[in-house]
């Protein structure tokens, strides 16, 4: 690759300065928002590398990487010489560290009250952490040096070959994951009877140095081997092209991977103990919701921001139908869970059709705000005093019994997880079959160009309603499980946040992709559940993840192939619709309005 | 894809294909049911005569004042939508940023007594600070999150905006703490003035007057000035506008700036009326303001103003007027239901909003 | 071809599920501690007794869980209770000297969880603490909504004591709903509702009142209790309304209430709603002269910060220490130590938290089995029985006797006082304020039994 000392025409140093300043802002931001202090208690490796310290060194690392990574310029990929990359990275890190050091100095100089009154996170404890528990001057010096080193490391990784970079990156990520999920893995290993003293330090709670090195080596080596293996396979492919893979089901290795994933999912609760299994149960709930929403948003392309309405319908119907007489509702039917489930689904589907009917004509953003309204209406109705005699009002419902089979009560975390998993498997199966059937093709046609689909004889209304109905049914099942999991319902659980979480799961994983929903669920619900420090910042990270994914990889982590192509094309359907309204408006209104389509 | 084919298909043929008649009947039935229900409730309530005339008058004034604040925020939504065709879900946080930035200044002014001694000057300072804070966040959003997504499909900028909204709310929570704080206001704002024999709270008068001035000012700006005309041009067709020599990027940033300024004004008005700030204070007003913008007709100034006013009135007067007659317990809890029900109705019959072009035949 | 592959996979999953479920029942159920039962010849065998024992090796700290509202707008309540517990740990050595003492030769550490003042918080926090076999007992929750049907059930199912310093909703100790391992040192709100209605009817002489609750079990319990008692005295409740705690605009609601002409509005909610209503009520001409009253949920330092001078005249009810109790010397030391270490209290329940900790640790001292090697075993059921047999415990918040339904303040008379803002102890400006009215009732007296 040609080596230049310029990137995009501006000298590298200016890029480095800019990236360094951004990196410094990043560190300061993490400090001000409280993350650094919150994570200072978790040590990842030995007693030196706490999560807080790694977090401090992360922005300079990224900054160094971004400055020197190869990019396409004038038709060819340019990069920077390795030595120069190291120095540039170091300079970037230096600037980042310098900015942070300036911030620390500022805090030390200003009276504590002034800063503390505005930014609550700036405490003496925070300053101690940022100065690595040394005196101010020493600490700042260490900070700047370490930041420069991180920047250099980032720069280094930015320019080495992919074949070397990937194992190193994967190795680092795996070490970090094992360190952060120490509770999970340590418990799992203990349950399996594997000695963990060499891997996890009992005193500090993180990986031991030996453990860290071993994990890094193993992960890096595995990545290297796997990458080489795949390269060989791809070379073979080019001689005999394979049919278009539609996800799971086609090639033997993929089948094996799928079965392997199922086995792991099935065995997880056994390994993880009760608390972690309850986290997994929650993951299962959201997975089910994600699968339902995936049909509405991913397959049919309808933007639904009020999915919590179906969730609430399912939960409250189950509650009312199965609860004991004292539940807070005047209705007492006393069915069992599995008897009530079909009724719940039917009621939810009817609700879905009633809600969906009038509004499915609306496009994109308007549908979004209307469905948002429905979600809010659902929440208000279940909280209201008006419906209190039936739904329990603000007190909610209590006394919802847990179903049991063969002596296992499904309120215990492990059996609950299996119940959720079973429902998810069924929902996934239904989704998959729908996607590959005539209905799925109709949805795809509708999604890509509605008016042409209409012209071809596809009744958009019918298929939109079908999507809504399926989504409603699956969402209501998820609500039913939720009612059973806690045994009582409080209206505060049914806020817009649930709709947003479900949407985030399928966005992150990849719309229209079932494996994507699973990955999204594990990352967005599982990780915060396992990492208790993250819970405080869960929504902050959600927001950042959503923005980042949309900017960098809108097709999601495990994208659906067809969808990826759609996202890359310019879909101007709504603009066209809006523009049509335009013509009428222009005639109807004076120049005072903002012009443009008012609708 | 098949643009030519699209235009070639006559509308009525398309309508017949999607089974329109049944749906139309259901829609009309729903609409009539809601209207009849509302009228019935209103007549019953008035028959009960539990509310004095002055109470209704107060409710109307509250609604107008609340609506004025919604209108100012809704204008920001409307303008950005007009230019970029995207919902800036994070606009509520732009509003919150203005409130918070002015809060810290207000606190200092309050402690030193300046706030009560020179209220007008102090309020002007706070207004400037709030506008600066809001504009700062708005421009940041545009630069970091929205600029790269100009050509993307409908869903992508919307999700980005939702993510930005969550991020900003929780950043504020991390920086400043989750609790709600009291916003100091000058003492002369307490009490009321009597206008045309109607006692109205001073704070509310200020809110209504300022909102009116802003709306009129904005309309004039958009209609008369060069920047305003550029904004309208970009709103109509971005590509042609840029071909005509308009700097599209600059116009978009200006739009965000103006939207931010309006949000800053709304923040000060909110602080004067409700006297609280908190990191999550922008979320619900943001959703309500967006509802108002859609209700009135998104993309037009008059629409946003009308929508805001209407929503404020519906929330204030609606529950008492429509629901007390039916003896529904706790009617004020259901005010969001009323608001959204009206929204859905409006959108069913006029998909563009009240002031938007209403073509119900659209598929 | 594809279909049969899928069917095989589904069948495989089904088989695996059954196998794993069969194995999991053994792993999950007995996951508690089954440690050795100490060498000092006790009659309790930790391996066979129900729920087993909590075992600490020599030198290991005793871990106490707290499930309190430590974040958000209600943090004033939860953090205040945490401070009470911390002072109790400090006092283990008999002195308030900011150094923690030891219990039976072991340090005491806290595992703090957030109850988020909601059902979800109660559920997740309780599940986490219940799954940890080294937690001896849990102090919590702050809000009744986190306990009722959630935390109390989850922890009782695992044999872990949950003792609350500030849950006041009556339902938690109702015979039909009470969970076996749940107790509280906070008063039953039936008492507070009765005192409030007595104050409004007899002291203020009002016969018409309206209520506003914020949909929490705590507030709804108080307004419901108030209605019962007030109407029993001969008063009328003219309007019952509800708000959401995140609302900011109450003027239409207040206008609506004003039309029913009450003399007082009782709003036992939380801040900032109380403060906002205080401010906005001034703008409703029809509410001129109508008094406003809240309870301990409003009685937090944030009320004064948010309402400012608009809050003057607002009545606040809350528990106060029994006058003339034998522990008054201790309570003076305690109050001084609290101010020293944490500044002024931000809520009314820190003393209850202090008492909650001590009630259980006293019981631990009687039932714990100390091994000759310095280990400690605490049998869970024996501990619960000992706590429920607490009689005439001299606590800061009153003389505590725990009855079978979990109320430790029941037979003892609870003293509820009414303050008028700005003269309230939770106002940082007036920490020594005296109540304008107080009444001491037992639960039985309140319920008219």
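Per-chain numbering from 1; labels A, B and C assigned in written order.
Keep this in mind: a contact is a pair of C-beta atoms (placed from the backbone, for glycine too) under 8 Å apart; a residue touches a chain by one contact, two chains touch by 3 or more.
In this text the structure is predicted, and so the values were computed from the model without any measurement.
Engineer: When the mean CA coordinate of each chain is compared with the mean CA coordinate of the whole protein, which chain is closest?
Structural biologist: If one averages C-alpha positions chain by chain, the most central is A.
Engineer: Count the touching C-beta pairs: is B-C or A-B ahead?
Structural biologist: A-B
Engineer: Find the chain most remote from chain B, comparing centres computed as mean CA coordinates.
Structural biologist: Greatest centre separation from chain B goes to chain C.
Engineer: With chain centres taken as the means of their Cα atoms, state the distance from chain A to chain C in Å.
Structural biologist: From the centre of chain A to the centre of chain C is 35 Å.
Engineer: What's the distance between the Cα centroids of chain B and chain C, rounded to whole Å?
Structural biologist: Taking the average C-alpha coordinate of chain B and of chain C, the gap between them is 40 Å.
Engineer: Counting in whole Å, what is the centre-to-centre distance of chain A and chain B, each centre being its mean C-alpha position?
Structural biologist: Between these chains, centre-to-centre, one finds 30 Å.
Engineer: Show the residues in chain C shared as contacts by 2 or more other chains, in ascending order.
Structural biologist: 71, 240, 242, 244
Engineer: Could you list the positions in chain B whose residues touch two or more of the other chains?
Structural biologist: 329-331, 333
Engineer: Counting only residues that touch at least 2 other chains, which ones in chain A make the list?
Structural biologist: In chain A, residues 383-385 touch at least two other chains, as defined above.
Engineer: For the complex, which residues does chain C have touching chain B?
Structural biologist: For this pair, the touching residues of chain C are 71-73, 75, 240-244, 246, 248-249, 251-253, 255-256, 258-260, 271-272, 275-276, 279, 282-286, 302, 305-308.
Engineer: Which residues of chain C touch chain A once you look at their complex with the stated criterion?
Structural biologist: So the residues of chain C in touch with chain A come to 2, 5-6, 9-10, 12-13, 16-17, 20-21, 23-25, 27-29, 31, 71, 118-120, 123-124, 127-128, 130-132, 145, 148-150, 153, 176-177, 213-217, 220, 240, 242, 244.
Engineer: For the complex, which residues does chain A have touching chain C?
Structural biologist: The contact residues of chain A facing chain C are 191, 249, 255, 258-259, 262-263, 266-267, 269-270, 273-275, 277-278, 326, 383-385, 393-396, 398-399, 408, 412-415, 418, 421-422, 425, 429, 486-488, 490-493, 532, 536.
Engineer: Along chain A, where are the residues that touch chain B in the complex?
Structural biologist: 29, 32-35, 118-121, 297, 303, 357-359, 361-362, 364-366, 368-370, 372-374, 376-377, 380-381, 383-386, 388, 448-452, 454-455, 457, 459-462, 500, 503-504, 507, 511, 537, 539-540, 542-547, 550-551, 554, 566-567, 570-571, 574-578, 580-582, 584-585, 588-589, 591-599
Engineer: Which part of chain B faces chain A closely enough to touch in the complex?
Structural biologist: Touch list, chain B to chain A: 1-3, 5-6, 9, 14, 17-19, 23, 26-27, 30, 78-79, 81-83, 85-87, 104, 145, 148-149, 151-160, 162-171, 173-177, 219, 222-223, 231-233, 235-236, 287, 290-291, 294, 297-303, 328-331, 333-334, 336-337, 340-341, 343-344, 347-348, 351-353, 355-357, 359, 362-363.
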